[in-house]
Amino acid sequence: MPDTYVLVHGAWHTGAEIEAVAEVMREAGHTVLCPTVAGNRPGDDRATTGLAQAIDSIVAFIEEKNLSNVRLAGHSYGGMVISGVADRIAARLKRLVYINAFVPLDGESLNDMVPPHYVAMFDAIAGAGNNAVNLPFEIWRDAFINDADMVTAQAAYAKLNPHPYATFTDKIKLSQPLAALALGKSYVNCQQDIALPHSMPWHPRLSERLGLFRLVECPGSHEMFFSNPKRLAQAILEAGRD
Amino acid sequence: MPDTYVLVHGAWHTGAEIEAVAEVMREAGHTVLCPTVAGNRPGDDRATTGLAQAIDSIVAFIEEKNLSNVRLAGHSYGGMVISGVADRIAARLKRLVYINAFVPLDGESLNDMVPPHYVAMFDAIAGAGNNAVNLPFEIWRDAFINDADMVTAQAAYAKLNPHPYATFTDKIKLSQPLAALALGKSYVNCQQDIALPHSMPWHPRLSERLGLFRLVECPGSHEMFFSNPKRLAQAILEAGRD
Amino acid sequence: MPDTYVLVHGAWHTGAEIEAVAEVMREAGHTVLCPTVAGNRPGDDRATTGLAQAIDSIVAFIEEKNLSNVRLAGHSYGGMVISGVADRIAARLKRLVYINAFVPLDGESLNDMVPPHYVAMFDAIAGAGNNAVNLPFEIWRDAFINDADMVTAQAAYAKLNPHPYATFTDKIKLSQPLAALALGKSYVNCQQDIALPHSMPWHPRLSERLGLFRLVECPGSHEMFFSNPKRLAQAILEAGRD
């Protein structure tokens, strides 16, 4: 049975960078939409866009299209966004799918879940760059897209856009714990993802905040959207199905 | 060289549900027996059957058939059973194979090794149901058989039988630590098994209680007997061989 | 583009035992050299050879051949050796590749990173055997080469040579933390490697001492040089490339 998916990209990305995954999912018969979150669109103000606006933009996207029974997936920073969306319009959703994504508690920011040395680095970059952040290439190459060759790593890096840092530092407001939401929940864990160090990992540290959830794992890095879109699409479909 | 295997099923199962795995192992030339443990057979009294009776039934099975050099494998709750059997008739055994199975210390119950919220849930179910327990479908689907599609999950669920709760609460008696038994020991870890949460996992938390043991891992959930019997059979053979 | 690799074997091995992996890497176009570390060569004095001599021998090997841009890989104990080499001749190196290898801090010995029961066992074996150590076959079979069949396990075991124990007990001298070296760093983690117990694992416990590093994982045991050289060669190439 065809399902409706909304895929929410991570920091530095737009919806365009996850089209390769979406296309594989569409070939399996599903409707897959890849909006770009406010703050990452061309022309958005990187200096001022915050987490609330980012969440608002995806709520508006789903409401304007009048979608229902949505399988809402978020990658990395996208976990902050879908968590806020689910807290607002759970009635339109069927299941949440976190893809090596942040799972916040009420009052937490993304930065509250990452190692202190990353926060210090981003603070410095944002301070020097009008409150927008970039990811240094050497971190991207070895810790984000460790499963790709250099050509793929460079080509993907060239597509990234500066990210509005307020979305990393803003605290999210949730009316109840995500575990309490009456929705299906899944977590896709790409096993060689060391964007967060494995001593402070995505799974089970963040995944288990979902309460009862379905685990799906696949080999790959944080950036399988570039390095292995076909395998990632399969994992998302196994996570999103009933 | 053909080996003799006895496979001991988990809670809510009977020997019939592991026949698909046994059949693959037989095709490789081995003798594979799948007895049903006392308490899970049709007509057994779910209200009163305890762990000692469960263990007795497998000891009797092996003795009546006069088996020797047995590779004795247990899945999940079956780990309690094979641990008790090994303590009684080690001379008839060659190697123990735990398949995402409980590895008890002397005086421990199965419930001593599971998260408190599961114990509370089972206490409530047993209290309402004549001391037998069932597993709610939503837990089965997302935490036990997360690697299967819905049709497989439902078909497998329909085969489960109510489980005698005393076998979860009875303390096992072991004359010595399992690590001290002069038998080979192996642990098969299905990597996406979140029947126990990965923050409180099967491996290495329970596997390392075996002392020197052989680790074999394969992708899959707690219920690969249904979702991928062929791959599980391969893992059991790699765990059970000399 | 062809790269130059130097592969440093683990304890009890010589360069000959990693030729099968090197051959696969050469077929991909690379230059791959497999020197035998001082202490493991025929005729070396097992009673007296220490860690400094082991390191010296690989420094000399690289200097005598006047190698540059070397991708220097070490397996297990070989991690001690390549760490010392990198501290001495970083200018000749491009990237360090640790393959389930020890990553020492300044002043640490290999024994400082292994479980106490292994240290006690090796102390006893060395005390009884002129300060050289062997690995008991049952540990080799179940904890080192758990992914192989018995024939492979026995054939590989027959090739091992007594290891000079001083290289396990000598403290390494490093002029700076490995994380501070201006070299690329990668860690290959063979996922079923329980030569170190998973409660005290290679990765992330030791890998994260490298600071920013690239993680590459593959299924297999500590001894994939024997059990699956082709797959290991692929992992080393993914770890060693730019």
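Annotations
Every chain is named by a letter (A, B and C) in the order it is written, and numbering of its residues begins at 1.
To be clear about the criterion, contacts are C-beta pairs under 8 Å (C-beta built on N, C-alpha and C of every residue); 3 or more make two chains touch, one makes a residue touch a chain.
Everything numeric in this text was worked out from a predicted model, so none of it was measured.
The rotation relating chain A to chain B, fitted on Cα atoms, amounts to 120°, rounded to the nearest 5. Of all residue numbers used at the contact between chain B and chain C, under half are used by both chains, marking a mostly different-residue interface. Between chain B and chain C, the centres computed from C-alpha atoms are 37 Å apart. Listed for chain C are no residues, as none touches two or more other chains. The touching residues of chain C, counted against chain A in their complex, run 184-186, 203-205, 207-208, 212-217, 238, 241-242.
Those residues of chain A whose C-beta lies close enough to touch chain C in the complex are 138-139, 141-143, 146-147, 149-150, 191-192, 194, 197-199, 219.
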